[in-house]
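Following this message is one structure expressed as structure tokens.
Chain lettering (A, B, C and D) follows the sequence in which the chains are written, and residue indices restart at 1 in each chain.
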Amino acid sequence: MKLRIGLLGGGRIGKLHGTNLQNAVQDAEVVVLADPFMNEDMEAWAGSIGIPKCTKDADEVFADPDVDAVFICSSTDTHANFIIKAAKAGKDIFCEKPIHTDIAKIKEAIAAAEDAGVKLQVGFVRRFDHNHKAVRDVVASGELGKTYVVKVTSRDPEGPPMSYVEVSGGIFNDMMIHDFDMVRYLSGSEVTEVNAVGAVLTDPEYAKYDDVDTAIVTLRFANGAIGVIDNCRTAPYGYDQRVEVHCEKGCVRDGNDLEHEAVVSRGDGVFSAKPTWFFLERYNDAFIEEEKEFVDAVLGNKPVPVDGNDGLQPVRIALAAKKSLKEGRTVRMDEIEG
Amino acid sequence: MKLRIGLLGGGRIGKLHGTNLQNAVQDAEVVVLADPFMNEDMEAWAGSIGIPKCTKDADEVFADPDVDAVFICSSTDTHANFIIKAAKAGKDIFCEKPIHTDIAKIKEAIAAAEDAGVKLQVGFVRRFDHNHKAVRDVVASGELGKTYVVKVTSRDPEGPPMSYVEVSGGIFNDMMIHDFDMVRYLSGSEVTEVNAVGAVLTDPEYAKYDDVDTAIVTLRFANGAIGVIDNCRTAPYGYDQRVEVHCEKGCVRDGNDLEHEAVVSRGDGVFSAKPTWFFLERYNDAFIEEEKEFVDAVLGNKPVPVDGNDGLQPVRIALAAKKSLKEGRTVRMDEIEG
Amino acid sequence: MKLRIGLLGGGRIGKLHGTNLQNAVQDAEVVVLADPFMNEDMEAWAGSIGIPKCTKDADEVFADPDVDAVFICSSTDTHANFIIKAAKAGKDIFCEKPIHTDIAKIKEAIAAAEDAGVKLQVGFVRRFDHNHKAVRDVVASGELGKTYVVKVTSRDPEGPPMSYVEVSGGIFNDMMIHDFDMVRYLSGSEVTEVNAVGAVLTDPEYAKYDDVDTAIVTLRFANGAIGVIDNCRTAPYGYDQRVEVHCEKGCVRDGNDLEHEAVVSRGDGVFSAKPTWFFLERYNDAFIEEEKEFVDAVLGNKPVPVDGNDGLQPVRIALAAKKSLKEGRTVRMDEIEG
Amino acid sequence: MKLRIGLLGGGRIGKLHGTNLQNAVQDAEVVVLADPFMNEDMEAWAGSIGIPKCTKDADEVFADPDVDAVFICSSTDTHANFIIKAAKAGKDIFCEKPIHTDIAKIKEAIAAAEDAGVKLQVGFVRRFDHNHKAVRDVVASGELGKTYVVKVTSRDPEGPPMSYVEVSGGIFNDMMIHDFDMVRYLSGSEVTEVNAVGAVLTDPEYAKYDDVDTAIVTLRFANGAIGVIDNCRTAPYGYDQRVEVHCEKGCVRDGNDLEHEAVVSRGDGVFSAKPTWFFLERYNDAFIEEEKEFVDAVLGNKPVPVDGNDGLQPVRIALAAKKSLKEGRTVRMDEIEG
């Protein structure tokens, strides 16, 4: 029996999840798509991948007895309320990150899911990447002993439009939040202190929105380890996603997936391929793995791999980083609501 | 409008193509599956990926007006006759390699397709691998000038069962045939001479079937270049697939795709991931690309990327290699029927 | 005509420079070795590499009219005074790092060399490493445009004896000082702000000496770039020395030299060689290059590649890092004497 | 006590050995240089590295009681006779490859050394390369089990002058001879059969001297393994020297040393360094290791690492390859004198 899914949101990320669920996740089927901007094109897309029903009204999905679970892929501001509604309707929930930018609202949503006894998985997809997962598995196996240093580098190939920067909540909130999740994943420990350095280097426009485009954040963890994340909005050679954990008995780190493994040696140098272009290319298989693990968790009644608290903590760390940058000092996590 | 495909053969390779056509190739749909061993399990599988009709009788497929094209994934001895029947029925044809082991039969099949004016694409999937294709593209671009040496290394992770060895036609026919295609693809030139060295090293059983498990074949090409292919039936570290072309202005070569890019540095050495295990893992995306290009060629009425002659020549080269090994001498291609 | 060199100090680093100067630097010859602990063994070593004269008294070297230049390889506390004496005697000076731990003393030494019009080169050997130099050359060429982020990772294979930790001045002073030089070298810009995080993770003994064994330091540069250095006293896989500069038009980074390029692929993984063990192995050729450039600068009357100010600034940054760690805040470089 | 060496030949290779022996091999000293073309420049060079005596007459060296051993670096045609003379004079012998092009003469020289009870080491320097040696050590350790396939790729950055081609004896004799030694070294087994393919591709001039510039040779070994060597006279990206041994339990292969480890990632691709340019750069440390092992073998009265038979066999294999190419057939080694 397949898990019957209501898909909330038919934008880029909704289409990505919908297509995967229909084509690559054996035990799931999308039975309805809801989007307030539903139109002919979106209906056609839904039809082309075999989604039988479309609506503008998300409430229809919550009320539908044939829907077992929802994928919340709508705009960020709707996430928390949709979680609450889905929980009340007894639907299991996959929600794209972030749950909300407001800590209290996140906690309310998490509580709603817990009270209803439904699953809530948050979409930190990078945990499902084959490279990062291999690094984490080595650390978690204990073969390298105690963790000393956790490092994450994350660069986008090109910056977002300024219209996005205006509303995104800033680099810590919309970009480095993945890395805040990653360091928790890799270290298996909570962040206790944050110090941020940032600069406007790629485009002076960022300054208008009180944002930076390049940032380095150092961290302390509860287990004693220390860490660092560096982010930049632009990297003309493509999406640069590398992690490294240095430990007592060794170091484990990963590199990028490349477009291909061909190497050309010429008189003027040796040329190899660039990293795969952006997150759709790099994390394509990770999205499928993420979806499968959610479906498995629901069908097998197992814990989800990324839970509500995993959705909450990176938002708190992002707030701490923002505060650190603004106040020019190290911020303790216990200064942040949560 | 989608290309309506009749799938002939529901074994391993048939299932692979069927699943991809249904899930990953937008402009195709499998409308019928024919297999003489059709049973409940196979029907269930067909149902699970949305193939609406099943039959034991391939002739039903050829007769079906709702079938535009066929994928021939049945046992090797049926390929040529199925091509002929499909051609007569006006269906476009994708046929798994090899078309046949008999040159005359291959030519008959090719002629049938030509006479009927249908497309015939042969399943040399490695041409669609991102790595090998990147190598070929560099050579074909001319940026490295004249081609000097073409090299291909191909090792399977483990040998086939002896029941397969008994009927496969030998290492040149069932394994190195891919590499004979590859050198034609990389060099853009025809083979003119072949010399083979072979040995039974991995398992003495091969000798019983007058076969070898390890072989090196040197080649001359019509464009003056020379080449070498080395094959081994076993490589405990996984599928090893590398090509290299050395040219006037440089050299281009590829490596294997790895399971992941994580690297562990410890006191006792540096450890990285193995190549992806076998052809299903390594050439998964290549199969999809191969299918898409067939569908595109049919729908857009363009030349297929691997045609009948591309199916014929590697079989001829395999015969030459076999003859060279047996007679202990260099064999010219004009000694071989064709 | 060769540059006649008086070698001050016959310990490990003195022997290293002495051997190179005799065997690998064509235009130099060591004419005298001075060491207060001169004994038969040291004399025998000197004889074995053709140093004709030995003494316990450094003043003999300064007074010797046959000495053109000195290599100061004695204990750190003697460096500044030896510079002053050598300068007064009109000898050109190569001095191992650091000049002194006291800023005023360093400035006094630099001034002495300037007043006397003699060359003063400081021994930051990593600038002469083929890998780091290749990175710097790319950045300095301008081909990557504006510099955004400078990163340095530096790990020793094993920690020093605690007797050394007791007197070394701490991790920023004795280990990360090389990296403070490296970021100035790579960025071509001065550090303006420093923030340090540190922890005692490899051995609790470090805490006794008010030191840490693992540290991450973020930096701001005058040219707007930001940077980060991470250090750890232990890395069981060997000396780990990597730098990275992310820029407007791309990123350049290096890796470690390995013991060899052989790679073993087995059923249980793929194994490659470790980095060369420690600084003597990694920076062997860099020491020779450093010595040659000093000799060339003196003989050709050209500027030295690492001057007095290059000796001063890393000591100042180390003081800032120490202060930042102690006070838990970002320290501006203008808070530090200099 | 140092081994006192008479250096025969002050050309490029003689200077290389002389410089290393004086500067990098602690237990050796060159006491005399003999060269029929001795002139002021050569004497000046000898003086600059501390060789106290020069002569035009090699016989003076053989007669000199203060000479313990000779390095024969003179023109190839003199090697065998110098070995015979040195042997009669009781000097231990290091001789550059090849001993001679005539099998009978080689055997006469080997016999002379054996009769006199002196050491005879032949200069196959690649055995001392850190990469190739690491590969051999893995194979020889037995950890990979039985050897299946031995592969060697060897390309020079640029072809020699035609004046050299005219007298060199051809590609098998002057270039691939190193690889014939390498496959014996890697496999630990003797070659039993040879098949050669060759072509004139880089420059039509080679044809005038009945030579080829590109060749692939397949081999059978006494231990059952098979192998292949490919050579090309030109590779504009630099000296390309790679070996690979595929075995029962895995595969070991090496890559080239690079000029440096810096990698530049840009919008138009990822750029890394070329291999070190030619044999002087690549095998610099190997030459020193080779010399040290000779000196150690003499001083410690141990077997030399590359003996007379190791000098003989590659010449025989080269003859077999030449014969195979000429006659267009596989040649058994027992067809070749020896």
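Annotations
Here is the rule we use: a contact is a pair of C-beta atoms (placed from the backbone, for glycine too) under 8 Å apart; a residue touches a chain by one contact, two chains touch by 3 or more.
If you're wondering where the values come from, they're calculated on a predicted model, not measured in any experiment.
Graph distance from chain A to chain C, where chains that touch are one step apart, equals 1.
In the contact between chain C and chain D, the residue numbers used by both copies make up over half of all numbers at that interface. Centroid analysis (C-alpha atoms only) places A farthest from chain D. In terms of C-beta pairs in contact, the better-connected of the chain pairs A-B and B-C is A-B.
Chain B and chain D have Cα centroids lying 42 Å from one another.
Mean C-alpha positions place chain A and chain B at a centre distance of 39 Å.
Per-chain Cα centroids separate chain B from chain C by 57 Å. Chain contacts: chain A has residues 235-237, 240, 249-251, 265-267, 273 touching two or more partner chains. Residues 146, 148-149, 151, 155, 193, 195, 197-199, 201-202, 214-216, 218-220, 224-228, 230, 232, 234-237, 240, 246, 248-251, 328-330 of chain A are the ones that touch chain C when the two sit in their complex.
By the touch criterion given at the top, residues 235-238, 240, 265-267, 269-275 of chain D touch chain A in their complex.
Residue ranges on chain C touching chain D, taken from their complex, read 23-24, 26, 48, 50, 130-131, 133-135, 138, 144, 249-257, 259-267, 273.
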